[in-house]
Amino acid sequence: MSEKNDDSLVISSDPLHPANLIPELCRSFYQLGWVTGTGGGICIRTGDKVFIAPSGVQKERIEPSHIFVLPYPQTDPSPHTDRVFLRRPALNLKESACTPLFWNSFDLRDAGSCIHTHSQHAVMATLLWPGPIFKISHQMIKGVRIAGTGRALSYLDTLELPIIENTPNEEDLKDSMAEAMIKYPNAAGVLVRRHGVYVWGADWEKAKTQTECLDYLFQIGVKMKLAGLPTVLNEEKLL
Amino acid sequence: MSEKNDDSLVISSDPLHPANLIPELCRSFYQLGWVTGTGGGICIRTGDKVFIAPSGVQKERIEPSHIFVLPYPQTDPSPHTDRVFLRRPALNLKESACTPLFWNSFDLRDAGSCIHTHSQHAVMATLLWPGPIFKISHQMIKGVRIAGTGRALSYLDTLELPIIENTPNEEDLKDSMAEAMIKYPNAAGVLVRRHGVYVWGADWEKAKTQTECLDYLFQIGVKMKLAGLPTVLNEEKLL
Amino acid sequence: MSEKNDDSLVISSDPLHPANLIPELCRSFYQLGWVTGTGGGICIRTGDKVFIAPSGVQKERIEPSHIFVLPYPQTDPSPHTDRVFLRRPALNLKESACTPLFWNSFDLRDAGSCIHTHSQHAVMATLLWPGPIFKISHQMIKGVRIAGTGRALSYLDTLELPIIENTPNEEDLKDSMAEAMIKYPNAAGVLVRRHGVYVWGADWEKAKTQTECLDYLFQIGVKMKLAGLPTVLNEEKLL
Amino acid sequence: MSEKNDDSLVISSDPLHPANLIPELCRSFYQLGWVTGTGGGICIRTGDKVFIAPSGVQKERIEPSHIFVLPYPQTDPSPHTDRVFLRRPALNLKESACTPLFWNSFDLRDAGSCIHTHSQHAVMATLLWPGPIFKISHQMIKGVRIAGTGRALSYLDTLELPIIENTPNEEDLKDSMAEAMIKYPNAAGVLVRRHGVYVWGADWEKAKTQTECLDYLFQIGVKMKLAGLPTVLNEEKLL
């Protein structure tokens, strides 16, 4: 495992460089309640490089110098001792436990960015939709894209997201997440019961706006359930 | 269709210039949860010019250079290929799908600004008031003006806003919104079921403060309904 | 009515000068949801001068130059044409409709600052406590002072705030507010049904922290009521 | 009681110096609703010095010059007239009433930082879990460490926090808090009924992230209880 450790990969004066964007986005995700207490994260893939925030740190205090850079493609082996890096932080930081799950979004959907949140709206949705699917219709779903990277959904579509069961180690979700993505090829994200959600997009902007749209739908769906309102309508029985 | 494309229309050092105000207001609307995930927006009309934010972008990251400028008056044809512009952004940005709806507020109410939100308070109000009207009394409604541009309501008035049914394409709401505005000439805004609200005012300040007042009323109205409290009182039966 | 109009009264480089503090505090009250849509406000009295924000404006955008300054004492006559000012803004701004109510806090409690909010927690409290008193015990009430300017309450005290009925014009609340303050000499504030709350303190810091404490108590009280929990305990029946 | 009063202890250009961190963290705790109305606080211990914010002040407006510095170890006697200080603010500020409780975290857990909040999520948890223990399982508890300073909990563990009864004076909680920490040696914090929570960690970062994790769990636990969902699962009866 010969690795370069090229710090220049995370030094840029461009605010839209991934090493600058990730800290800024994490600060705003913290404000949204998506990444409190070190949970959650984001990665950005630009061609053959993947930029990832470290694990187990305060997400609202990440600096560009904390960012890991990995080459893409590479097999992302679950024993992560085999992972190849282009750049690791000098500090004693751990690589993200989400890495194999982010890789699913690249390998199976050709995503350019993937976001993981612990939003309570997502978690409550997985509790109030106890089956394997979160489903909602006749809400503002048109900001979400089919499969996360395809064409936008229409108001008349029904949004469906698979819900997988949680595991003690984040890495162990890799296979069940991949399975759900294959079984539901149109799904724009994967919910993890009692844990959160993974959402991806063609680039960081689309991953972010789709995460916002889905979080909005989880939130309004939960409010509707608690108010006793139906969350999926047949065309015939409009409220 | 001969068009100028005058970039100077969106360059100003005055923070109150519409091209500077729209980005600033959109950032604050994002904080309020009104425009998450690219939804919602605002336009400002100053005499014969209309400034509009682009469609489908992150509303909290708009720059003055992203603003469209259209001449007023013009017929706003629903096939928007016929729209005339004074200035379009150089970037590959789409004009707002709200344009025909904003035009209703100019043509039917002589508004100077119109705001569209996807606020969950508005959406929940349209679900808990399943008929064609949202109604509330004996709350702080005196910040709202009759017809949006007339005199202020009094505490003793009952606020009524029409609710129209949503359509897959925003543009297709134009006629039903206009119809509702004509049928309810005192209405200060129009709710769109399962979607959000349109609110206008004589200028951007009044449009914004009225949107805040109405959003406050949607929120407290929803809380009251869920708590089993009556939202409209006869004078005789004060709580 | 001979008036000076001394602009120097609102020009200071000291961030703690009332003319600088009021805009800053109003911005933070806006973030708290206390003064949306032009409602609510704050005044600060320093010896013989009273600084008040104008009426009907966006509270988060007030500038020092917008502040009114009135001499104290003066009879505050409800026909406000007789009010005396030391300084009025050059702009076309209206004096605050809260003025006579702020005056109650000076005349009856010797307050140095009074805050008025439209907080939904206050409004919901007036709906879920339908009688003339909001009452709560065994919560963090020790940040509140007896009569607003006296010694701090203890955890073992029961907090009681009178609730007065709303009127269409803010000024018309003056007498019923004064009556409630006289009838409940220990009350640290006065709730206005379906409208909001008035809270005062010996200075702006105490007025602000007491408003925060009371708002916290309205919020937790409302949550407890909606969850079916008792909000006042006898010592014998601790939960 | 001979004391130095060394102001240089709170003057540093390093943003991570405790005297700079405490004001910054208090501002962010205020945004989270943890320390409104002067309640709550944080201390940081670095080797033989303890930095503590003053009592009864607006937590979002603390300055480095307001910080108290105490030597560690010292017996922290409940009659606080005997406390030894390395530095007291020149201003008329009171030392924190939380001091003896913070000392529990140093003496019994060797903590490097302790945080006290009045978060409504914590308070509601103490009301909806009326017994002596708050318990939750199958949620994102892995950000919490056993005993607050040990190894991280696993998703399969059940989180348990003792709840002690409140007293009128904060200092009087010292003994019951210590008792609860001894009785529940794995507890990562102590809830105080109708009051708030104390959470500690090996350093300020771990204390803060664990407080966030616990507050998240109080919040989701309360939501689950109110929605009628079970908050502790046997492995056999997964939802």
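Labels for the chains are A, B, C and D, by order of writing; each one numbers its residues from 1.
To be clear about the criterion, a contact is a pair of C-beta atoms (placed from the backbone, for glycine too) under 8 Å apart; a residue touches a chain by one contact, two chains touch by 3 or more.
Just so we're clear, the structure is a prediction, and the values are computed from it rather than from any experiment.
Visitor: What is the size of the turn, to the nearest 5°, that moves the C-alpha atoms of chain A onto the matching ones in chain D?
Guide: 90
Visitor: Centroid from C-alpha atoms only, then distance chain B to chain C, rounded to Å. What do you get?
Guide: 32
Visitor: Centroid from C-alpha atoms only, then distance chain A to chain C, rounded to Å. What do you get?
Guide: About 45 Å separates the centre of chain A from that of chain C.
Visitor: List, in ascending order, every residue of chain B touching at least 2 other chains.
Guide: Correct list: empty.
Visitor: Go through the chains and record each pair that touches.
Guide: A-B, A-D, B-C, C-D
Visitor: Please name which positions on chain D make contact with chain C in the complex.
Guide: 36-39, 58, 118, 120, 123-124, 127-128, 130, 165-168, 193-196, 226
Visitor: Okay, in this complex, where on chain A does chain B touch?
Guide: 138-140, 142-143, 154-156, 205, 208-210, 212-213, 215-216, 219-220, 223-224, 227, 229, 238-239
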